[in-house]
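In what comes next, chain A is part of two complexes: it sits with chain B in the first one and with chain C in the second one.
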Partner chain A sequence: MTAYILRRLFWAVPTLFGISVIVFLLLHLAPGSPGAGGADSLRRASGRAAEEMRRQYGLDRPLPEQFAAWIGRVARLDLGESFADHRPVSERILEALPHTLALNGLALFFALALAIPLGVVAGGSPESAFDRASGAVLFAMYSMPTFWAALLLQTLFAVRLRWLPLYGTAADAAPAGLAGLGDRLAHLALPVACLTYGTLAFVARLVRSGVAEARTADYVIAARARGASRGQALWRHAFRNALLPVITLFGLLLPALLSGSVIIERIFAWPGLGRLYLDSILARDYPVILALSLLSAVVTLAATLLSDIAVAAVDPRVRDGAAG
Partner chain B sequence: MAFVVVVLLWLVAACSPLFTERSRSIRLEERLQPPSLEHPCGTDDLGRDLLARIVTATPISLAIGLVAAAVSLGVGFTVGAAAGYFGGAVDLALSRLIEVMLCFPVLFLLLALAAFLPPSPATVIAAIGLTSWAGDARFARAEILKMKELDYTRAARAMGASTPRILLRHLLPNALPPLIVSAAFGVGWAILAEASLSFLGVGLPAPAVSWGGILSSSANWIEEAWWIALFPGLALFLTVSAYNLLAEGLRTVTTQGGRNA
Partner chain C sequence: MKRAFWSAGLALCLLGAACRAKPEPEAAVRTPSPTARPALPALGFIDESSQGTPVDGGVLRRRLFGEPTTLNAVLQSSAPEAQVLQYVQRNLFDFDARLELVPGLAEALEASPDGLSYTITLRADAVWEDGRPVTSADAVFTIRKIVDPKIPANVFKPVFEEFESVEALDGRRFQVRFSRPYAFRSMAFVLPLLPEHRFAGQNFLKSKQNRAPLANGPYRFISWKTQESVELERNEKYPGPRGHFDRIVFRIVSDNTTAYRLLLEGELDEDQLDSGLKDRAVRDPAFAACCRLLEFYNLDYNYVVLNNRSPFFADPRARRAVTMLLDRASIVRGLYKGSARIISGPWAPDSPAYEARVPPLPFDPAAATRLLDEAGWKDTDGDGVRDRDGRPFAFDLLVSAGSEIGRQIDEMLSAELARVGVTARIRTLEWAAFVEKIDAGDFEAASLAWSAVDPNPDPYFYWHSSQCSPNGLNNGCYASPEADGLMETARLETDPGRRKEVLARLHRLLRDDAPAVFVVNAAQKVALRRRIRGLTTSPLGLYGIWPGPLAWWAEPETGKAP
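Presenting the complex of A and B:
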């Protein structure tokens, strides 16, 4: 097991390197930078931005030197200053982080909490009425564009019914304490719902097909023969094995959630990392863009590593398999 | 059944030139009208007939989706197949690359590329193609690895066939079904990606109209004109669903053979 962990960590190093290279290349693709190609009116107008970039990144030096300098700074957690307001990038990120964590954390929680039981029940009786009905609903959820769902939900719940607020994290004149909490929850409702359903559909379908396949496997039949009830066989045996693909793909759920965040945060004016990223892209605020790209990729890598280790802990076949 | 929808979409796209005139006519006295007989989907904030705009956007969204999916599939399958087939150092290196790409939230990279390069359909296509290929690559690699161990590959090798010959005459024809399935899923995703980019304001430049762009302006009128959000989104949803349905159907058909073995 330790050997597997070490191997996995070893192979993560080039990936980490690759991530930083790609993020670094983004900087040089960007208009206003001497490394960028293509005419862009921004280049003419951004004398100041170009100055800033040259100052922060030493763009007149040779590429490898720039890269090394940047990596050195990042390793010391110096992410530079935002072009927009000259505050440290880390400060802007830390400001937005709790909002994104709240949104994504709740979305992930609800997605998994709802999807797994749903998948197990549906997979436990394939082709049943419940399975067909839930399958159709899940498919619709899977294909529905998040921004459309968000706009529709806004129209229904915020405009027509006026049950929920249209956007923002809290009302301007929000009361403190418990009532304030209620207000915050109301503001959370729509964004979380929109972020949840896509992941829910994906995981539920995965679990369903896993359980549906596993239930006809030998070990399940053997368990039944040994006298296990249908529920026991389903949950203790089929479910465990069906959970494997979910754990494996856990690392991929994170970037999907972050991508979804960008759109949801824009629609609901949610001051999280997604909106920070979008605003920075539109404002060409490169230090923030680079920092966020790097951060999200590194966190995803960590999550992938964790899920790989988790799978290896559960499944001995993986432990003894090949690396990479 | 999904096939029928897809064909219908193509027909709609083909008819779109008939609607261009209507979609462009700005009649401010008719702005923000709810659906009616004259304007089945209502009008937008400039008095343009919404249905006409939706139809006009169809060929653009479809074309971009298809080409972008082709690019993504092309890159993905090449990388994945190479990794799977050649193995060893090539596989290790390419697998790292695939893993790196999978670590980034796709929309982050997509936004960066689309926003930094000069706005044009080519940019959108390139951006989508260059950011979405990692999933296809991983899938291709797995498929090729499976095929490598099969009897006909070994037999071909034993008979002394050269590498290109094996690839072309044996692996590729058998890789075709999963390739087609990937392609179908890819189109659905690419259409969504283009719509997302247009929605966020970094997609196609004006005056090109796409569903995402219409939805973007609909957010401003959410309180007065719900139809501007409903109908283009519906078109988008139906299109993506059709392609996803098609892909799932294809997947069932192509894996059925293996299952019944």
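Presenting the complex of A and C:
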């Protein structure tokens, strides 16, 4: 097992390098250049200052040289400074990171916490009234565009009922302590709901089909024959097997924790990584784009590795195969 | 100090329906009367400054479309930055609502007879919030930073291009010398100052001051939460008239629909509406209950720039034909519901340079057809597309993604051109890519929007042949010796009357040479909570003027504000 993990870690390095090369090249091949973006471009007289900026940040050098300089800095954990406001990139990312983690972490948690029981119950008695009803609702949820749901939820809960705040991360004069926490949670409710329901629908259907398939498998029938109750057979035997694809899927969902959501962040004026990413792309703020791309590559690789290890841990077939 | 921008995707349409224009009667809107031809340059603007008795207190909640990148006044480059800084730091001089210069930090400006040197006297009571006086050393420091080639002071660099020297005469007076006279030079002194003592020993571009500016204006900076808000409070040390609000909160809200809801909820006091939301507002009873809509003309306009170097548009007859094929009257009626004015040159009708006696070219497809024939563009091979020397008259018409109005104008133009045998293929480009092509002069035709932050009408940088792209901002590379001569004369002519005459001749020439299709000057649409009073509109909009928003006040709101 340890050898397996080490081997995977070893291969992560060239993978990251490859991803870096591709992102770097795409960025520099794309039309547009730093300094030109933004809604108000002051074009005149920006000439000499822009040249000076290009020189200062080495943008006038050949691409391989620029890449080498960048990768060298990254290797020393220095992500450089933003072209836009000359602040360290790490500072800008760390500013947005907690907001994105809170939003997407809660969304992922609720998605899984609700999807698994829903899926198991529905899969436990396929074609039952509950299965059909939940299937229809989940399917509708899955196909509902998030921006539309966001506007509906805003209209209902923030405008009509006034139960929840319309936007932002905290009230203007947010109280301290427990009340302040409550205020923050209230602000999280709507965006979290928007980010939750799609994943929830998807995972619930996945669990449902796994469980539905497993419940007629020989080992579940055997378990029932040995006297296990229906619930025991479902949760202990059928669900365990159905869990494997969910664990794999979890590896794919985890990177979303950091990638942010451009649309939801925009609608709820949420100061997360998605907005930082979008703004940086529009302004061609290379250091920030590169850092965020690299970050999401690292998280994706780490999450895939974690989910593979988890699958290996729960599935002896994979574990033995991998070790051998 | 001039700023041009092409309308970017500010108006992200989330609700398809909200963005589609619907023919609805307009109710209770102050609409400027539509004019088929340019109106006289009149300041028929809204001035409520003498209505009611201002009340002090409360919070003003304003919207920023985007995050400021800096709050260093010298480094500012976008509207959100200017909107915040206006409260915190005063300029030496400011424009008032009639576009006249009024004193700010300075009390006097004296030009030498040769027009080369300017002596400025600061007010004796001008003071930074830390108690130190605003001195001529601050002015010298600021101007040296602006002219430093390493500092991207893009707003101020153009007016300091012929800068020669700056020196302090004493604590309150300083002198700036230029190598050449310039008719619009006094606009250089619509200039903020930075506190030299706070920047000592710091990297100017990375200074902590850039995110927490020191005030010398009516308000002082309190906090800036990235992507959320910027907050100011009254600066008790400011010697001038007190601001009426205790605090100003700028919320960074990039989504238009969200901003509209915040306005209805009372979480914002003002918002600029796009035409989709304006249509929604005039039909929305909730809007009528809380808010009002102001429409007024500013100096912005739309145009379609033609690349004068391209074989299609090198001949002024072909360019004129394109202008005569755009039905601008129906754009005014259809796209703008009447609140727009057709323009005949590169200025809005309220610009000091606009000559009302130059009527726009008419919409006249028959005349345009004759002009195309004369220019040698005929359909010789019978394929329905005009050609000349074996080249079909077919070109790409660029528009930036998100510019809804630009795209609609392009579609109308393209349809009309197709009818006379000219093919215009509309190509939508992402903003940065679009800008790159325009700057490089690598295009045939492109839809642009002009946005003015000051009333400087000097056309030199944009239409003089020495400013051709890629090195200058004459993107379409219009080159006419006659026009060049007029522009050179205008920028040296210090007598306003004679300058106006020169510009009028230029205006007529630009209309007939048609280096671009000058489309319309559209009204700006601003929504405000009804409690906000003391408004003054101007050709620079609600904000870039003095006192402008600094004179706003609020009636204590009786209804509940969540």
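Basically, the second predicted complex is superposed on the first by the 267 of 324 C-alpha atoms of A that agree within 3 Å, B and C clash if a C-alpha of one lies under 4 Å from a C-alpha of the other, contacts with A are read in each partner's own complex, and residues count from 1 in each chain.
We take it that contacts are C-beta pairs under 8 Å (C-beta built on N, C-alpha and C of every residue); 3 or more make two chains touch, one makes a residue touch a chain.
Everything quoted here is computed from the prediction, not taken from an experiment.
Engineer: A:Q154 in the overlay: touching chain B, chain C, both, or neither? Say first, second, both or neither.
Structural biologist: both
Engineer: In the superposed arrangement, does A:R266 touch chain B (first), chain C (second), both or neither?
Structural biologist: Both partners, chain B and chain C.
Engineer: Tell me the contact category for A:F139 with respect to chain B and chain C: first, second, both or neither.
Structural biologist: first
Engineer: In the overlaid three-chain picture, which partner chain does A:T15 touch, first (chain B) or second (chain C), both, or neither?
Structural biologist: In the superposed model, A:T15 contacts chain B only, not chain C.
Engineer: Identify the overlap between the chain B-contacting and the chain C-contacting residues of chain A.
Structural biologist: 30-31, 36, 38-40, 147, 151, 154, 159, 166, 266-267, 282
Engineer: Within the complex, which stretch of chain A touches chain C?
Structural biologist: 30-33, 35-50, 52-53, 56, 81, 84-87, 92, 95-96, 147, 151, 154, 158-159, 162, 166-169, 172, 266-272, 275-276, 279, 282-284
Engineer: Please give the residue numbers of chain A that touch chain B in the complex, ascending.
Structural biologist: Where chain A meets chain B, its residues are 11, 14-15, 18-19, 22, 26, 29-31, 36, 38-40, 139-140, 142-145, 147-148, 151-152, 154-155, 159-160, 166, 252, 254-256, 258-260, 262-263, 266-267, 277-278, 281-282, 289, 292-293, 296-298, 300-301, 304, 324.
Engineer: Under the stated contact criterion, what part of chain B meets chain A in this complex?
Structural biologist: 91-92, 95-97, 99-109, 111-113, 115-118, 188, 192, 195-196, 199-202, 212, 215, 218-219, 222-223, 226, 229-230, 233-234, 236-237, 240-241, 244-245, 248
Engineer: Going by the contact rule set out above, which residues of chain C touch chain A in the complex?
Structural biologist: On the chain C side, the touching residues are 2-8, 10, 12, 14-15, 65-67, 69-70, 77-79, 149-155, 157-158, 161, 205-206, 210, 225-228, 249, 251-255, 257-258, 261-262, 264-265, 267, 429-433, 435-437, 439, 451, 461, 471-473, 562.
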